[in-house]
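Just so it is clear, A, B, C, D and E label the chains in written order, and each chain counts residues from 1 on its own.
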Amino acid sequence: MIKTLGTEDTLENAGLTDEEQQLFSNARPRAYEPYPIKAVEDFANWARANSLWILAFGTGCGAIELRPLMTARFDANRFGVAGRPTPRQSSVFIIGGYASVKTLKRIIRSYEQMQGPKFVIALGICPINGGMYFDSYNTVNRFDQYIPVDLYITGCMPRPEVLVAGIMELQNKIKAGRCDGANRYVENFDWYKANQKKVIKNWDMPDYNW
Amino acid sequence: MNLRDLLSPFFVWQRAFEKPYTSIRPTIDRPGAPAYRGFHINVSEECVGCGSCHSICQNHAIDMVPAAEFEGRTGDSGLRPRFDYGRCCWCGLCVDICTAASLRMSNEYAWISEDPDEFHFTAGVDDKPWQNNEHGYRRAEGYHLYPPKRIEMDMLSPDESVQSFEEVARGYSEAQAKLEADRCVECGICVATCPAHMDVPDYIHSIRDGDYEKGLQLMYRTNPFPATCGRICTRRCESVCPVGILGEPVAIRWLKRFIVDQVDAKDYPRILNDQIIESGHRVAIIGAGPGGLSAAYYLRKKGHAVTVFEAGETAGGMLRYGVPSYRLPDADLDKDIAYIVSLGVDIRYNTRIGKDIDFEQLLQDYAAVFLSTGLSVPSNMRIQGEDHARVLSGLQVLADVASGRDPGIGSRVAVIGGGNVAMDAARVSRRLGAEVTILYRRRIADMPADEEEIHESQEEGCNIVPQAIPVEIIAADKPQQVSIKWGEAEMVQDPTGGRPRPVLQEDRMHTDTYDCIISAIGQGSDLDFLSKENQQQLAIEWGKFTPGEYQQSALQKVFVGGDVANRTADAISAIEDGHHAARGIERLLNPDGFTATQTDNTGEPA
Amino acid sequence: MNELLERLQRHFDVNNINVLKPGMTTLKIGKDSAEILIRELRDREGYTHLNFITCIDYIEDGIFTLVYMLHNYDSKHTLGVHVDIDREHEEMTSIHTLWAQAWTYQRELREMYGINFPGSPRLDEDFCLEGWDQIPPMRREFDTRVFSEERFGHREGRHSEVPRVHMKMELYPKRGGDEE
Amino acid sequence: MLEWLGKVGDFSLTLLIVTLYGLLVGAYIERVIAKVQGRIGIPYSQPFINILKNFFKRTAVSHGVMFYLGPVFRIAGGIGTLAFIPVIYGNEMFSNFSMSGDLFLVIYFMFFGQLGMALGAGESGHPYSAIGIARGLSQMTAYEVPFALAVISIVIQYDTLSITEIVAAQQGGWQNWTLFTNWVATLAAMLAFLGMTGYSPFDIFLAPQEIPIGPPTEFHSAYLGLLQTNRALFGATKLILFMNLFFGGATGWVELMIKTLLIYMVAIVVGVAFPRFRVDQGIRFFLKIPTVIGILSIIYVQMVLLS
Amino acid sequence: MTLSTGHSAALDFAQPEPPDLSSGKYVKLWQGPQHPGITGNMSLELVLDGDTIVSCKTHVGYLHRGFEKLMERRSFIQNFTVVCRIAVPEPTFNEYLYSHAVEEISGIEVPERAIWLRTMNLELMRLASFLMWIGGQSGAFGQYTVPNWTLAYRDYVLDLFEEMTGARIYHMYIVPGGVRAGLPDGFEERAREIMKGAEKLLDQIERVMFNNVVFKARSKGLGIITPDMVDPYGIVGPNARACGLARDIRKDEPYLAYDRLDFETISGNEADAYGRAYLRLQETRQSINLIRQCLDHAPTDGPFQADMPNVLHWKVPAGETYVKAECTRGEYGYYMVTDGSEFVRRVHVRGPSYTHAIAVMERLAVGTNIADIAGLMVSLHTYPPEIER
């Protein structure tokens, strides 16, 4: 059983059975408060920016360019980027292009399990406006309705070079303290949940996956 | 386990002493390949806004949006492609299909933003750093997504064609027509350029579908002379056809002709199914040329009783008298006219206004008058001796031939002028067995006649002498002959920027003798039937009207159109004038029920 | 090749034999004898390889055409067995005992077309979709674009003009073809 | 009392230096691996930033007290191990709490940390953790056998349980190092060392492919920061221990760094060349050759050196 | 063919009884979709008894985009840009097969130069794909050096693609009617240089990866496919060739220029993970050889596109065809039915992973150690997007 450090225990978790209700937390997520001293927060942001751990979850075509990115040719390790197999330890979620409804459910789960501050980069055209699959019955079109995205990189596929550029851009944004996607998610939690539940019809997981 | 398997892996360490694979500054050191399909470039001056990119884009990533600075250019829709980089997949099909080759791709590929709404831009209009990239994807030479060359039409060979007045262009076969119709990209820029705004892409579409009846219906919506226009139209549509920018334009005229040729005249009433509900109004039309009959057709469809007054013996006006039958056989002109007449249009032949019936009388008797008397008086060359008996007017020669009379040109003929009438006169003369020389003031490229006509005249053996200015007509030794004195001309650039002017070279003069000289340098109007008072009211300038809205003249009941009221003086403009005047007359007679044509401005192409 | 077809015609009610190209033939057989034919082809005629099973929706005729593509490695010949089934009673004999991958195809057809294969394993488990609440998506009456717009929505702010309509509005609003 | 406090102060300094050194050498090793892989690799500052980042990360979930205590036990094990190892021979300041029986204490602490970690990770309830623990502990048990045999061998050889004395016995030139006096035990110990460092082919318990990441699956933020600190500290401590036991110890920091780095390189030279063994294969490996060598080392000591 | 592949009655495809999870004896474990040890976005639902797998279920659909539906509402030219997305690591096979199917139905003859360029393109793709696969196989067993090399080297091949086609991943080069462009200047020299380097790299890889005691320990005996499994399970490509069946569509039913290229079908005799890996290494070398032959023979001028109708309203006559090609994983096929309209009636894409990743995987996984499941998965060489499409 997972104990959470959330604020209010008000989520309904209606998708769960009674038995499962006992196993999962029903707390709402809490926004990230910056450190009261600005210098500390800036320093923390600097450290965060220079140690970006990416969740190893290839959600779509974008995964194909993550491999060159992480290996010898582009060697993203140089920039403080590393892959992490578990969401608990990751701070960056790279959405690799389109998200089918089935994957979206896993993306939400993985995203919510990531510990803040966390950042999302959306790769390619599909998360922006549906891309190639704008008329597909199984892929979402506007990714920002389901998960807050901090940075979009357009392209199909975006090359590893532009991924490197994107990571640098994300670093700048984090250092400037402007990456507040996770907080947006908490503040507009009900809106996001409503959107998510609109497309995910078999909601059999807790409302917030702690 | 053997020792080799244990030791051999240590060879990995070899690599430690080699140069790393890593690219040191990936974002700087690695631009896209020279042919990389990166972000879009549009040379907006070359773009004509045909929207083919929009049509071919499977992701609906391209919107056509108005770009104010390109609005109203000839052959340009004024729209420019706007890209949604939340949709584009950089397949480059838009570049491949681009009719003007204005759309290209740069080798730039990096666009990062935190705002998902930002990924839009109008290429070539919005300022983007990659607009001037030299590298990037271009369509390869020899790669086409539509056939660039038009389907050649069968023509009589020049040797055969000079032998008779048989129609030179033989028409497309069904297979040929379908192949040619297939080349259309359905942009509709031609619709705007066509004076009559015919639904060109739609009727071409109907050819692809094999539904010629629908094609005929579509054509009659804007033009009751499809058989005629399918042969002799000046086809400004083809001059703006985007397919013609890199290849040859779609043969719109021949396709129009093809549709008409497929439909039998006796099926017209069934296909067009014009239901006439009599309105009780009476309208008079002066002149049974294309303008007058066009007005008659559309007015009749509105239920008005139409009376056409024609000075000649037959209807058709200039189409009948001015266009030789090897270009427009009488049967085809009759096909168009017969249908119009069959709707109940009353044509009074041999009735000249001012002589047989008074203009004032018409104004009193009829609810409205449409005036399209055309240009029937040949212009003068304004040189000495031009009233010589052997100086014939081109129009007269053509009219004589059309009516089956012998124009009496002899066997050696000079034609003065470079317009279509000149070419027709020359080619008619060839058919009558004469040896023809065409004298024209400027260069061949400056000739106002259709390029095709010039080409065919030459093929048929007419000798064109460009830059030849007639100076004087001199009586020849024999009475049945005449001499012309002409001088060579040099083209001089106009300092004010106009087109080059021919300047006579006094030292290079020639004098030649011919059996006759055919003057075909233009025509003027004959508006003597109008009283002085009327002429003043109608604001006639240089023998032409300046019509207002809906072709209405200064007199409320009088509408004008045709050659006498427009600058282009071609059949299709006259047809549109007639159609538009019909609209105006309808508005005058039935102000409550009238609605101007408004088309829904949204929506995607059908 | 012809001998094979003759043999088949002798024993089965096959029709619509169509030689598409050298090395590929299709034929049609009734729903009830299809399984026996396929078994026969596999066991006796050397068509040991099942390329795929798929379905074509002929909505205008009210039928689903199931296509079983079989390949004979020895004669290098591919044989497509077409079976028409009624769109209203979409049910077919399962061939999961013949090939190990057959049940996967049948599971896909169940999900994408709603065709039932009684006895096929894990038939009603989700395959590609999850929580699907519409008619099976590959059926032709299902309009994916409309569905996508309703459920997923698109980003606002897009607007496109049609060149000829735009030109008419800008250049000659009162002229051109009337709607009569 | 005061003397003892001073000792604590000295130890804290040692702890700091060893940890920082551990992190630095970790970065260096990463760069060496990267070089073999044909790339450039992380900057030297990366391990420090990673740890800082993890401490700045927010914790939103907990799996109970034991979950918290896991990393604490783990680092306690690391600190405990270091506490009883004399770092610089002959330097009172950096000799820590070395005493007569410290070798046993050290080996105990080496176990302690792993077990504590196992408890914490087990509490997280994640099946990946559980599998990782099972693999880690069974592999540990396996490589501890040759290691213990090697230690026994040198204990017999030097007839002492004090690391300081073992180091002292190796002074006076390289020919006195255990490496040369008792190469059999060194060989056994170095094979065990391969398992201890957690590089290929014995890194199955942390393997991302075979099962994601193993015990630390659920650990994050400060917990992970502690684990990473410990990894650097414990790694360096093990190197120092091996240096002391088999390579003659060090009389200054520079000597220590060179020797430990070279010892570390042994694991890397093997690590980049091989894939990883499955856990059963790993156990089988350790219980075969290295164990035999370990037993041989005892026999060697008994038969050759002491006879 | 020496080996009989007749159906043996002994093979039982029946689904195993699901283990009783409530007994407490088993652990249920999900491998994927968020898991570094899975090939792409898919998942395996595993039930473990200790370290041994007693049941495996493949779950796919995480990448389902409904291509076959989308293709039914796009025109024939538009589809060619869509199809390459079906198998992300090997898009060109889709492009070729789609184009070929359309050409076959509409009777378009592709010019000679395009045929050679297509062949070269496909072989380059094979090389790139195999390079990535070798890295994947090595990485799945925990050797990260080789993946770094091969992925970097694959990138050089992708650079060639970029020059040739204008894109790295989705080339969209093979278009119905031909190809989109000829070769750029200097391409041949660069290609030859990269082929030389690739050969050197493969030698190095053979030394460090294949002659490796631990790799052998991990891969030998893993996931054995017996010849009598091949047909009943629909196993194709290297997975089938490794157990001794010399089946290669390039040789058996030659398409493009393969009948004019000099090569032999490679088949092995050990159908375990090691045997398959070694076979693929050899095929990578063969692919380099074929690319060289293409560079030698490809005409440098002449048309590279057949005369095409206006693609904006291109109606392909009614027809039906099934075309196939040998991709890195075996028989890749396109089944196309047209009805004479501007849209295709039905396209079915047959990817070899469809059976490799589901029926075969579920069978081979049983009895395997949990640690080997990633290695087994990679060794079958499966790409999830071509399963669900």
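One rule holds for everything that comes next: contacts are C-beta pairs under 8 Å (C-beta built on N, C-alpha and C of every residue); 3 or more make two chains touch, one makes a residue touch a chain.
Remember, it's a predicted structure, so these values are computed and weren't measured experimentally.
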| item | value |
| --- | --- |
| Lowest number of touching-chain links that must be crossed from chain D to chain E | 1 |
| Innermost chain, where centres are averages of C-alpha coordinates | E |
| Most distant chain from chain D by Cα centroid | B |
| Chain whose mean Cα position lies farthest from chain E | B |
| Interchain centroid distance [CA atoms averaged], chain C/chain E, Å | 23 |
| Centroid distance [mean C-alpha coordinates] between chain B and chain A, Å | 59 |
| Centre-to-centre distance between chain C and chain A (centres being mean Cα positions), rounded to whole Å | 38 |
| Gap in Å, rounded to a whole number, between the CA centres of chain E and chain A | 31 |
| Set of chain E residues in contact with two or more other chains | 35-36, 61, 64, 66, 69-70, 73, 81-82, 145, 148-149, 152, 155, 170, 208, 212-214 |
| In chain B, residues with contacts to at least two other chains | 9-12, 15, 20-22, 32, 58, 84, 86, 89-90, 116 |
| Per-residue overlap in chain A, given as positions that touch at least 2 other chains | 56, 71-73, 75, 78, 83, 85, 102, 128-130, 132, 134-139, 142, 156, 159 |
| Each pair of chains that touches, named by its two labels | A-B, A-C, A-D, A-E, B-C, B-D, B-E, C-E, D-E |
| In the complex, chain C residues that touch chain B | 155, 157-180 |
| Residues of chain A that touch chain B when the two form their complex | 72-75, 78, 122, 125, 127-132, 134, 142, 144, 149-156, 158-162, 164-166, 168-169, 173, 178 |
| Contact footprint of chain D on chain A as seen in their complex | 1-6, 29-30, 32, 44, 47-48, 50-51, 56, 71-73, 75, 77-78, 80, 83-86, 88-89, 91, 115-117, 210 |
| Residue ranges of chain B in contact with chain E within the complex | 1, 4-6, 8-12, 14-15, 21-22, 32-37, 52, 55-56, 58, 89-93, 96-97, 105, 137, 140, 142-147, 179, 182-186, 205, 208 |
| List of chain E residues in touch with chain B within their complex | 74-75, 77-79, 81-82, 145, 148-149, 152-153, 155, 159, 162-163, 165-167, 170, 172, 178, 180-182, 184, 204, 207-209, 211-214, 216, 303-305, 307-313 |
